[in-house]
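Look for chain A in each of the two complexes below; its partner is chain B in the first and chain C in the second.
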Partner chain A sequence: MIQLLEAFAWLADPTRWSGPDSIPVRLLEHLWYTLLGVGIAALIAVPVGLVVGHTHRGRGLTVALSGAARALPTLGLVTLFGLWFGIGLTAPVLAFVILAIPSLLAGAYSACEAVDARTVDAARAQGMTEWQILTRVEIPLGLPLLISGIRLASVQVVATVMLASYIGNGGLGRYIFLGLNLSDYPQMLAGSILVVALALVIDLALRLVERVAAPRGAARG
Partner chain B sequence: MTPSSTPRSGAPRLPRRSLLALAGGGAAAGLAACSNADPLAEEDGGSGAASGALVVGSQQYYSNEIIAELFAQVLEEAGFEVERQYQIGQREVYVPELESGAIDLLPEYLGNLLQYLGDADATGTAAQLEDSLAEVLPDGLRTLPFAEATDQDSYTTTSAFAQENSLTEIGDLSGIDDLQIAANPEFEERPYGPQGAEEVYDVQVTVVPVSDSGGPLTVQALLDGTVQLADIYTADPSIAANDLVTLEDPASMILPQNVVPIASERIDEDAAAAIAGVTEALTTGELISLNTRSVDEQLDSATIASDWLTAKGLLG
Partner chain C sequence: MIAFESVGKTYPDGTVAVADFDLEIASHESVVLVGTSGSGKTTLMRMVNRMVDPTQGRVTIDGEDVAATDPVALRRSVGYVMQASGLLPHRTVLDNIATVPVLRGTGKAQAHERAAELMEVVGLEESMASRYPSQLSGGQQQRVGVARALAADPNILLMDEPFGAVDPIVRAELQTELLRLQRELRKTIVFVTHDIDEAFLVGDRVVILKPGGHIAQIGTPEQILAEPADDFVRSFVGADRAERRLHLQQVAGREVVVDASGRAAGVLEQGGTP
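What follows is the complex of A and B.
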């Protein structure tokens, strides 16, 4: 309890809020690494997920692959990639991409699958092309699920991005690793509190986007 | 939660938990390495203090276990009954065990133990550190004579970089621009970190934090030229294996980490004499060759220890 208070005192220290090693800088780095990881993963996973959801083909394979990806320990990946690519941003971002892909993939294909089959049939009967069905029917109707996948991936990645600091990068993990190794537990706790807060903010923000994205008139959930 | 945020299939939800648990578990294991329940520890059962056996402990660090095993075997040779309690997490765990008498002997390192016991900014020669340790050690514990072997932080570089800039000691780095050293993040705060290097040797370095304690990632960063320097422990076999050069520290800026046995009152004169046989023979070179056998040949500590002790005439 005392350490928690000390952690808040650590956070309240105004000298930690300006300068090159300050909390805002580390927060921005942390967000940037999260964005990189989730962004690159989305470029890969969302199109694949939509195709799988739309065509109903390859679902078994996708589920199996993303299930296997979920089982990979991220720290192990960071170390492994670090030995291949050296220290820096490549190794951790690659690991975060792998961490983010399963949730994004699941969100994307369930977005398509959740759309009522009769709606899709009706669209097809009206002469819509498959591309039009995907972009004008399935994606708008399934958008909340798609965003929910992005939200889950973002929360996972933002909570794991501290590992970037393990291998020569910035981010909030700096405080956690430094605090750990110096037995400076208030600093470590302060870093953790910042990560938790960031994860909650991202979760809340994307929940709002999800709600806004829900098409008017469509049945919810 | 609104209904719209609940995926119908439920698929994206459940696995998130298992994944988070996995990521968390992996991070915790890598971060802390502080488990005090080690499945490989020998199952000796309860505390040896009750029986007649002397309890020898070790840190959760392979090199430390080898040194502990050296002590254990010479004690057995001298006729003592020995119980082994190896791979005990970190100091927060085993120092109280030493204090309570559950462990009688454990190999430690001068500087690190002194820092743990209260003097975070400790500096000085090994002998000075030994004196300071005597003052801060809990009642009932004492240091036995330390070994020449030291496993300490270093400014290490590649032989190519050393030749190019004709480097033998840390001071020779003075005047080289944009030096980066891969080291654990706390290196930044240590008296022998960038600030110390500037004050003592007029050398400017910036720290690239790599948290594997001079392990493979740090070595890799040095070898591929991302950094020019790395903090690698002096008894690490990777220094010789990669033809690295550890820069000398004539001003004793870096905290000495000589191997020092910490003993309880149950270690008597005879036991101390047996242990001194080991510490007198243990140089840094010897420690590196012991560590190398563990890393390269994957031998267990008992085999490595008995081979070495036999070769030194301390066993057999």
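What follows is the complex of A and C.
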């Protein structure tokens, strides 16, 4: 309890809110790494997931690969890639991409699959091309599920990005690993509180986006 | 004219949906394919706009093999009304009706203008234009489905049990409206149903199908009722049902039509059919 109070005191110290090693800088770094990891993963996983969902092909393989990717321990990956690529951003970002892919993939293919097969059949029968079916019917109707995949991936990655600091990068993990090394538990706890708060804020923000993205008229009466 | 020439459809797992089917449908004619489930009626209808490709034989429209046409262009030129409407739930009534013209490159304003005209043609109130499909009754949704199919002014209209999911009163209303529309528009209609009474009402000619797309009988409703080809047709059209077997009785100087169970069905008018 005292350490928790000390952690809040640590956070309240005004000197920590400006300068090169300040909380805002680390927060932005943390967000930037998250964006990098989720963004690169989305570039790969969303198109693949949409194709799988639209064509109903390769779903078994996708689920199997996603399952395998989920089972990989991210700390192990960061260490492994770190040994491979050395100190820097490549190793941790690669690990975050692998962490984010399964949720994004599942969000993308379930977005397509959740659309009523009769609606898709009707769109095709009216003369929509496959691309038009995907972009004008499946994506608009499945958008909340797609965004929910992005939300899950973002929350997972934002909670894991502190590992970037483990091999010499910035981010909120700096406080956690520094605190660990110095046995400065209030600082460690303060870092954790910031990560948790950030994860909650991102979760809430993307939940709102999900709601706004829900197609009008799709609520079945 | 639509022609089916020894058309067959066998699925990769060996299921034969249609064995060997021949039929010619004249322009402006409405032909009803009627049969139980598994008779291949929907499969046959969907061959016209290449939603299904036959594994043998060919389907031609005005002499041109549909297999040689681009399926997307073909589908935009053929109206298609389906059971449970198949409307896009995230688009308004007006946008749904304008779907095909917009796909064909008509400007949105012009397509909406045409859609508004069609709403009137199919008996939808103007105030429905900005509603979403989920806010409409089943009957209204089917009217939107018909309007959408008519939007690009196709020569051919495919109708897949379009009134199967609405209650009997609304169904009768929609059937009457369809007959009115057809008198004005004179489309070539291929209509699929499992309801023989609907088939007799809508079809200039009726094709009664047995499982596997085998034709049990083709003819006008009158021909089929007068001369059922075999016991299958006789039982399918209910030729032996009491309400199909009518006779006349003299009551108060007029001829009253009575069915086989003794129920008075109506009065015989002089001068024949209108």
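Heads up, the rule we're going with is that the second predicted complex is superposed on the first by the 219 of 221 C-alpha atoms of A that agree within 3 Å, B and C clash if a C-alpha of one lies under 4 Å from a C-alpha of the other, contacts with A are read in each partner's own complex, and residues count from 1 in each chain.
In this text, contacts are C-beta pairs under 8 Å (C-beta built on N, C-alpha and C of every residue); 3 or more make two chains touch, one makes a residue touch a chain.
Just so you know, these numbers come straight off a predicted model, no measurement behind them.
Superposition note: with chain A as the common reference, chain B and chain C can be accommodated side by side. The partner of chain A that touches more of its residues, comparing chain B with chain C, is B.
Note on the composite model: angle chain B-chain A-chain C, taken at the C-alpha centres, equals 150°, rounded to the nearest 10.
Of the two partner chains placed by superposition, only chain B is touched by A:162; chain C is not. Contacts of A:19 after superposition: neither chain B nor chain C is touched.
In the superposition on chain A, A:73 makes contact with chain B only, not with chain C. Of the two partner chains, neither chain B nor chain C is touched by A:47. When the shared chain is aligned, no partner comes close enough to touch A:58: not chain B, not chain C.
Once chain A of one complex is fitted onto chain A of the other, the partner contacts of A:211 are limited to chain B, with no touch recorded for chain C. Of all C-alpha pairs spanning chain B and chain C in the superposed arrangement, the closest lie 15 Å apart. Contacts of chain A with chain B, set against its contacts with chain C after fitting on chain A, overlap at residues 220-221.
By the touch criterion given at the top, residues 1-9, 11-13, 15-16, 18-20, 22-23, 25-27, 29-32, 92, 182, 184-186, 188-189, 208-212, 216-217, 220-221, 224, 226-227 of chain B touch chain A in their complex. The part of chain A that touches chain B in the complex is made up of residues 63, 67, 70-71, 73-76, 79, 82-83, 86-88, 99, 102-103, 106-107, 110, 113-114, 144-145, 148-149, 152, 155-156, 159-160, 162-163, 165-168, 174, 176-178, 180-183, 207, 210-211, 214, 220-221. Of all the residues in chain A, the ones that touch chain C in their complex are 116, 118-119, 121-129, 132, 137, 140-141, 215-221.
Those residues of chain C that touch chain A in the shared complex are 46, 49, 51, 72-77, 80, 82, 84-92, 99-100, 103-104, 132-135, 148.
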